[in-house]
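Once you've had a glance at the structure underneath, I'll fire off some questions.
Chain naming follows the written order as A, B, C and D, and within any one chain the residues start at number 1.
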Amino acid sequence: MAKMHVGFVGTGIMGAPMARNLLKAGFTVTAQNRTRAKAEALEADGATVVDTPAAAAEGADAVITIVSDSPDVEAVYLGDDGICSTIGRGKLTIDMSTISPMVAREVAKAVEAKGASFLDAPVSGGEGGAIGGTLSIMIGGPTEAVERARPLFEAMGKNIVHIGENGAGQLTKLCNQTAAVLTILGAAEAVALAEKSGLDVGKMLEAIGAGAAGSWMISNLAPLMAKKDYRPGFMIDLQQKDLRLVMETARAFKLSMPGASLVHQLYASNQAAGEGAEGTQSMIKTLRRLGAI
Amino acid sequence: MAKMHVGFVGTGIMGAPMARNLLKAGFTVTAQNRTRAKAEALEADGATVVDTPAAAAEGADAVITIVSDSPDVEAVYLGDDGICSTIGRGKLTIDMSTISPMVAREVAKAVEAKGASFLDAPVSGGEGGAIGGTLSIMIGGPTEAVERARPLFEAMGKNIVHIGENGAGQLTKLCNQTAAVLTILGAAEAVALAEKSGLDVGKMLEAIGAGAAGSWMISNLAPLMAKKDYRPGFMIDLQQKDLRLVMETARAFKLSMPGASLVHQLYASNQAAGEGAEGTQSMIKTLRRLGAI
Amino acid sequence: MAKMHVGFVGTGIMGAPMARNLLKAGFTVTAQNRTRAKAEALEADGATVVDTPAAAAEGADAVITIVSDSPDVEAVYLGDDGICSTIGRGKLTIDMSTISPMVAREVAKAVEAKGASFLDAPVSGGEGGAIGGTLSIMIGGPTEAVERARPLFEAMGKNIVHIGENGAGQLTKLCNQTAAVLTILGAAEAVALAEKSGLDVGKMLEAIGAGAAGSWMISNLAPLMAKKDYRPGFMIDLQQKDLRLVMETARAFKLSMPGASLVHQLYASNQAAGEGAEGTQSMIKTLRRLGAI
Amino acid sequence: MAKMHVGFVGTGIMGAPMARNLLKAGFTVTAQNRTRAKAEALEADGATVVDTPAAAAEGADAVITIVSDSPDVEAVYLGDDGICSTIGRGKLTIDMSTISPMVAREVAKAVEAKGASFLDAPVSGGEGGAIGGTLSIMIGGPTEAVERARPLFEAMGKNIVHIGENGAGQLTKLCNQTAAVLTILGAAEAVALAEKSGLDVGKMLEAIGAGAAGSWMISNLAPLMAKKDYRPGFMIDLQQKDLRLVMETARAFKLSMPGASLVHQLYASNQAAGEGAEGTQSMIKTLRRLGAI
């Protein structure tokens, strides 16, 4: 079976290595990025570069998009030179950005009105996962479309889960971020208590990491907190964008999320202090500010 | 080398299986419990039963205590028939209760004044870990005493970590509880968002559990939330006792812990609703109450 | 001096009595409302009714707008039939809606580009204040425009304060809502503690209302909580809209507002329970839900 | 009718001026204080000084106590030289400290076992109110005893309210503190938003103080926040003691108090920063720390 031809919109920190993995897997790729130079960096890997999302979608079997936020996705699909203006009947579109589930559903409807399919398929795993092809991919949309897209997903990720209808991928990503940030807060308060009371933080983490308090965050980010290594990982500014989506979605569904909301406010302190480009482990800095540590 | 003779004070849900593991490992055990019948249940396993902590300590190489809360530990060590009234010079005392680090340090001083050593060595791992001998043990106290106690710890637990001076074991346990409850809150808010928005909770958990949001809680308690299985595990009433200790300790050290404090208030709702004897996964019930789920 | 001719856009619960007060004070009024019937209800009071904001602004000395939210204000000023398409050079526009300070500033720029002036002048005091002409009015914009608008403000309100540049009126309104909702939360937690512990709530309020805990909320809303009278006053759904603006504004300025954020989450529980159209005193119901009162 | 003879235990910042007001009103006073010199300062006003609470109670018609915290009240009433050892049958005891309602009830029982009456009658109004004789007094205990005590209360306070049975005075005081601190938090977040967004704080407060956001705190403490005047008023360390009582009482009654709990954590940051002896308006400093203002 011939490999699909893929339009790829958004070749930033995440998108570029994902597109490279598609090229490595033998897919042909037509890339587009707002800053054209970023797309051109993929030419050496075999990509063709075009100027608009419409041009990337034209003639493609599938279009993959990964941009910053809900309005960007709306622009890329629904704008004047958007994907919906050229996408062919029966073709596939896959948005891998993290955006509002409500917006994902709107875009899905617009794509379906053109006779094509839409998947919302946000990822976790960060730049490392994008480069290594080990992203977790959470997918919402029609089963048939998921199956068609599977070879693409397998070129980019490892833990590929089809959750449900359109929007379900984004909702799952927001569940992921909710669980993640409160686990970070727990790690950070534990580290703060240890620091304030004079414990050896490394030994404390060794003692608690193996049991019921254990988590990826305790194993991976808490040691960075102790070592004062604040390099991202995942930047606080991006986490705050995602938490804004969590809060907006909770509002839309009329759900109280006191924990996620508290974290959103605490990270605002990092942003106020100019730490927005640091990794999410810098939560510890806000606790140190509060605790005069 | 002859096995130590151990006095064991507090043969409740945790203490009884721990004492049994000592007996299985070949230690002789003199057991004492406020409700004598609970200690007598160990006679079949080879324990001798006495009436007071003082009697349990008399002639023992080491005394292990595991009771409910700080005042109980004070009574058991410092009371009229307490351990300090009979403990021999050069002997070992080990408190495995979860109590105030400040109280642990006071008791340590009283024990040292008798020429004996004190370790604070709280555990995590629950009844299952106590039965299976797989408890995590977090230890504060003098290195020499820890080394002497090691054969006892190895009969009861797996992840045995000496953290620092007296109090360090209790502080580490409080760090553990802090990290644990916020990880639970994160899991519960993720499940609540999934339920409220109509996601398949099982698939959501499958998708997020493998990555940066992963934790023991996501793997073990979140599925119970979804299945509405509220059996403990670890009871909310006990978790609230531990969170009270966290809050008191934070107060003593002048530390803001907004996250742990929020969880403490949310679990109060479970207690108000008569759910104090359920497992900590019942946090989801408070979120459902708030969200009309 | 001849009375100004006023275009009035948005004749809802607040706008209608405000327009009536202008008519009573001798101003001529051309009214417009999306649902035309609501504007027509003012004809008996002497208003002329038109179909679009543009028509209301045409030939007016001043246009007053009071609509629901930021996008409505954008539509009313910047849309196809919007005020900016007809407003005359040197004329006055006054937005009395509660909206985003950032949007207020954008609209101000668009109005100024037409050679007219813009004031953001949100109000507090509710329907009662609108009817009685006793609204508090918080004003942002050029001093000269405020002075020209003063006779209009005096026909509608009592406590008329010019705070600063454009946006300052909206920012002040958000400060007002922040202070208000936390004062409500304080009143509600006090009432909940009284109820849960069996105090006579009325006597408790009598005892605390005169001192440092005293507030408009303790005097006016706390007694309604105790009597289970949940009629608005000010509806929770509207309060939540305003708190959303508070949160968005805090985000824009990088400010942590943990208190306002907590209230926003607690009111979400009222909305989930179908209490969004009740008065803000229904905060007590969320506390009762949490406390099994 | 002859004036009562009053034993007065605890002549600190609050107690000394209260005792002076009793002396001015014609009561004879026998004063006792742990640091005897503080009681002796009242000799010039006509007080007799004794060494123990027992001595102050001996022969007194009524004993008034105002000390720091629950254990102090227990010591003063139930200790070796305590009031219960000498108080006469049919006599009156009045504790005006702020302590645990549960402890107040225990002490009441001990006093009643001696055939005397006990009132819990905590105050608000601070040092100024104590000097001026304008304290608010919140009373729990038997009606008959309240009536007998009324001339004493009238010499010390203005807003004198009998709430209910023993404990009701303390519970009301905790309701007072709960309402007060959340009103402060609301004021502080409003001031922080104003500062961060460049508003004129004074004008903002002028605009919001007259309406539904108005409170004693907005009128009295918010202007101090703006002026950076942090002199107490009421010290954060004392407020934190009272909030600890609120949290303990909520725990005893199984009540969620997320707002009071949040304030308790935020003030911990002030204490960590060495601001515990400043007035409660220093809450703004914690918000400034979080917001990099």
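Just so we're on the same page, a residue touches a chain if its C-beta (ideal position, glycine included) is under 8 Å from a C-beta of that chain, and two chains touch if they have at least 3 such contacts.
Every value quoted in this text rests on a predicted model; they were computed, and no experiment measured them.
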Quick one: which chains contact chain B and chain C both?
A, D
Proportion of interface numbers common to chain A and chain D (over half same, under half different)
same
Centre-to-centre distance between chain C and chain A (centres being mean Cα positions), rounded to whole Å:
38
Chain A and chain D: spacing of chain centres that average the CA atoms, whole Å
53
Rounded to the nearest Å, the gap separating the Cα centres of chain C and chain D is 38
Chain C: positions in contact with at least two other chains
250, 254-258, 262, 266, 268-269, 272, 290-293
Show me the residue ranges of chain C that touch chain B in the complex, using the header's touch definition.
258, 266, 268-269, 272-274, 286, 289-293
Name, in rising order, each residue of chain D that touches chain B in their complex.
240, 244, 247, 250-251, 254-258, 261-262, 264-266, 268-269, 271-272
Listed in rising order, the residues of chain C that touch chain D in the complex are 101, 124-126, 129, 136, 138, 158-159, 161-164, 167-168, 171-172, 174-183, 185-187, 189-194, 196-200, 203-204, 206-208, 210-218, 220, 234, 246, 249-250, 253-260, 262-263, 266, 287, 290-293
